[in-house]
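Have a look at this one before I ask anything.
Here the chain labels run A, B, C, D and E in written order, and each chain numbers its own residues starting at 1.
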Amino acid sequence: MSKIVRSTSEFLIPFIFIFGLYMIMHGHLTPGGGFQGGAVFASGMALLLVAFGSHKLEKKSKAHVLSMLESTGALAFIGLAFGGIAVGFFYNFLVGSSIFGHIPPSGPNRGDMWTGGTIPLMNMAVGLKVIAGLSLIVLVMALASDKTGSQK
Amino acid sequence: MTQGIFNIPFLAVAALIGIGLYIIVFDRNLIKLVIGITVLQAGVNLFLVSLGYRQHGGVPIYTNACHSNMVLPVPQALTLTSIVIGVAITAFMLSMIMIIYRHTGHIDAKKSRKLKG
Amino acid sequence: MSSLLIHSPILIIAIPLLAAFLTPFISRVSDRARDALVIATLVFVEFLVIILAVDIYRDGPHIYALGASSPLLAMPEHYMVPVRIVLQVDAMSIFMGMISATVSLAAAIYSVSFMRNETGKDKFYTLLLLLTVGMMGLEFTGDMFNLFIFLEILSISGAALAAFRTNFADALEGGFKYMCISAVAALMILFAVGIFYAQYNLLNIAALGQAIQYTMLDKIALTLLMMAFFMKLAGVPLHMWAPDTYSVAPAGITPMIYVASQACMYALFRVCFSLYGVTLNTLTIGWIVIVIGVLSMFVGVTMAVRQSDIKRLMAYHAVSQSGYMLLGVGVGLAVLGNPQALAAYGKQAMEGGIFHIINNAMYKGLLFLTAEALFYSLGTRDLNKMGGIAANMRYTSIFFMIGALAISGIPPFNGFASKLLIYESVYQFNPMLSVIAMMISIITLASFVKVFQSAFTGPILPHFRVVKEVPGPMLGGMGILTAIIIFFSLFPGLIVDQLIHPAVEALISRGAYINAIMGGMQ
Amino acid sequence: MRRVAAGISLTIVIAFLAVTALLVHPFGHPPAQMDDYIIKNTQRETGANNAVAAVVFDYRGLDTLGEATILFTAVAGVVMLFRKREGETTR
Amino acid sequence: MMETPSGFWGPVPWIISTVVAVVIACLIRTLGEKEHKSGVQGQEFLMGNPRLPEEKSHIRAHNIYWGFFQGLRRYYEHATNMHTGIINDYIIWFLSLLAIMLMIVFVVEVI
């Protein structure tokens, strides 16, 4: 891609990444969540791919590493769901505890980061999973189309 | 039936689904077929999310909320789920088409039919 | 033990899911460990299904509310509507669950040696586990939207597995067709779920069943649901994807996709009997199911005789056999509003249809596996190129013969038992249908005679002299299914009384299904 | 012939969809027994201010697990499709 | 034993009666000619035609039931033309069946 695209995306990408991570972190307080933030982050990856080419991106992030990350996210998610199995699968076992366990006052409030029980943790797990999964899809498809292009 | 005039979003849903089905049925290009399925998904998602709208309602989030009247949260969650499913299906079908193209050299549904009869 | 029982509905879904997420890590360690993990997971699932089945057949249905303060609490306290997702496992669900678990286990064992020379085996096993998860979830869930989710899991993993042999162009074509029709069908289901949600603000099947009024909107939703499920279960004239997909899928996967389509048939029955039940116009809907069933039987079998590709032939037979199940259960549905007829022959017709599901999963699975064993040894699926291999592949030909006799309804095999039930009870409903069913059975036998004659008997062709029997695990996978077939053949009365009858009762008694969730408020 | 049949059936299906659109509850006034419970109790039961996040991860958690599984399945499928094979031939 | 609407079905009596029938058949067979020699029937015998090689004498799959297909030729032409193998046609079938079913359900309500 041309220099303009590359320098613009170099400038933009940190903001996109940070915005994606912000959305993941604040999923239980503001609009957004793991899927949306992950999609934003992965769109940053897609921008990287468009600007710098798939081979350059592949040097930075190997496909099997992304695959592992995705599995880690999925395992963390299902692990959190299993965490409440003493009561029931998907039971929100962290409500009332010290990690994310505060219970907000009912009705409109200012929003406390440490609320939500397992929900913020699940948001993070899903966010990791979606980031890795969507990046992997984009990367694999780009690499494959590159290969077919070079063979012609 | 007097309320029918207010159901314009639902009529838009019918139109979107109709367009999606039209593309799926009449277009022989496999990529356009996937586009048709995406339009169909958009129609169904619009249906789901517009089911949950409550008049003069705000977002169902209590952080700094000023509305007492909130729209329904469940349809939004369902739509979110269905959008992610749509992304997954689209990616998967497009990569299948890429491999079909690699094998046969075209993406015409009429030509790529080894299996018939 | 009892807490394991309480949690087993979700564990049956969650354990293979956990194993599927773990497979990428394990397969970096060693291939052998991954195979062992997959087999162990499926054995554990089978074990859980069996202990759950024993409990359900003894004590009645289980429910499991996800995330509630107690899993047995379907609704929040002091509230009349289920808010959370509830899994509801009754005799019919667990019956289908046993079929899925058994066929998955046999397919995994078979694949261990069949897939030895393939690349990408870690993805293969991940997708196989996910297909199992999809089937189990579809059968156990008590929530309409959740049903859609599991249907999608089943569709994507099934399509990916069907397209697994990416070096053949037709494998991709079969997989793509499956994915395409699944996507359209699933979107129709989602639209129907939206219609339910718009009217009643409910997603739980039992709660919807209590609230449903069969308005115009409900009729449209019913039609959408029925057509989508007919598409997924390959009822004529929506069956055309079935031969394409079944014939290209690798061995072991074909029976699983077939069982997955039977899980969709279960979903159809669940919608017709438990969600709508007597509120719908049972005669009309029953006749629709019957007509599609008879068309499936006829078109499936006549197309099957014509085929020269062995897997395509068996795929058409799969379509044709689905027709028997639709016929049996359709007769039950048609007389659902008429208690006398239901007691006289309706229940027995349904018993026949549902007995046919499990019989068919077993012998059809066996036949698909033998077909793929032939492909493995001979390198071709074309019947015109085969000949005289019975001498070299003794066990495979014996397995094939048992499967072929069972599917054609030759006594004393189990196919005869279920077909006899269908013939006799359908005869009282409408003699013509019964006569057609018998005719179809004869053509089925004829087409298997064709396969047996052209592939196994006759003089051995010179280039097949060196052909050897398939390796042990493949024989093991076929052997499991054969053993089950022989067991079913010897004790049909036991199976019908112990397994089928409670399942039919669970399907018919809509009030019990609704009360299991909504019972607190009566 | 095929196109005519497809056109007629498409018209009928769209007509029924339009009927559905007119028969559904008036836009903006949905029945809300289940959702009112969630809106009222989300903070007490799950501690989350965001009712949508509470629905996604708590009330309907299995749906989200299934959705994550679908994404996982699609990724596995895509990687499987583009895997390297020995004896790979293009065309 | 399995109850059916008009009787019962059990594989064990069936197997026992089959075994009895086979035993009787064998008994009858032993009453036959003792000096019979086998082996003559398999060879070509006064046919005049040369013996075919083995792979030619095998009847291939597409030759089986030739008459059946010939008799039902018109049905099979229609049926194979139906299975076009084009994915759009599958969706067309779906749509048309959906339209027919919607009409049926609608008409039944009106009547």
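Note that in this section a contact is a pair of C-beta atoms (placed from the backbone, for glycine too) under 8 Å apart; a residue touches a chain by one contact, two chains touch by 3 or more.
The shown structure was predicted, so the numbers you read here are calculated from the model rather than taken from an experiment.
Counting steps between touching chains, the shortest path from chain A to chain C takes 1.
Contact with chain B and chain E alike is made by C, D.
The chains that touch both chain D and chain E are B, C. If you compare B-C with B-D, the chain pair joined by more contacting C-beta pairs is B-D.
Note: centroid distance chain A to chain B, computed from Cα atoms, is 23 Å.
Taking the mean of the C-alpha atoms as each chain's centre, chain A and chain E sit 57 Å apart. Along chain D, residues 6, 10, 13, 16, 20, 24, 30, 32, 34-35, 38, 43, 49-50, 52, 54, 56, 58-67, 69-75, 77-79, 81-82, 90 each make contact with two or more other chains. Multi-chain contact residues of chain B (touching two or more other chains) are listed as 17, 21, 24-26, 30, 33, 51, 61-63, 74, 78, 80-81, 84-85, 87-89, 91-92, 95-96, 99, 102-104, 113-115, 117.
Residues of chain E found to touch two or more other chains are 80, 83, 85, 87, 89, 91-92, 95, 98, 102, 106. Remark: the chains found to touch one another pair up as A-B, A-C, A-D, B-C, B-D, B-E, C-D, C-E, D-E. Those residues of chain D that touch chain A in the shared complex are 43-50, 52-54, 56-58, 61-62, 64-65, 67-69, 71-72, 74-75, 78-79, 82, 90. Those residues of chain B that touch chain D in the complex are listed here as 1, 3-4, 6-11, 13-14, 17-18, 21-22, 25-26, 50-55, 60-63, 70, 72-74, 76-78, 80-81, 84-85, 87-89, 91-92, 95-96, 99, 102-105.
Contact residues on chain C toward chain D in their complex (touch as defined above): 17, 20-21, 66-67, 76, 79-81, 83-85, 119-120, 123-124, 126-127, 130, 133, 137, 145-146, 149-150, 152-153, 156-157, 159-160, 163-164, 166-167, 195, 198-203, 215-217, 220.
The part of chain B that touches chain C in the complex is made up of residues 17, 24, 30, 33, 37, 40-41, 44, 47-48, 51, 74-75, 78, 81-82, 85, 88-89, 92-93, 96-97, 99-100, 103-104, 112-115, 117. Those residues of chain D whose C-beta lies close enough to touch chain B in the complex are 3, 6, 10, 13-14, 17-18, 20-22, 24, 26-30, 32, 34-35, 38-39, 42-43, 49-52, 54-56, 59-60, 63-64, 66-67, 70-71, 73-75, 77-78, 81-82, 90-91.
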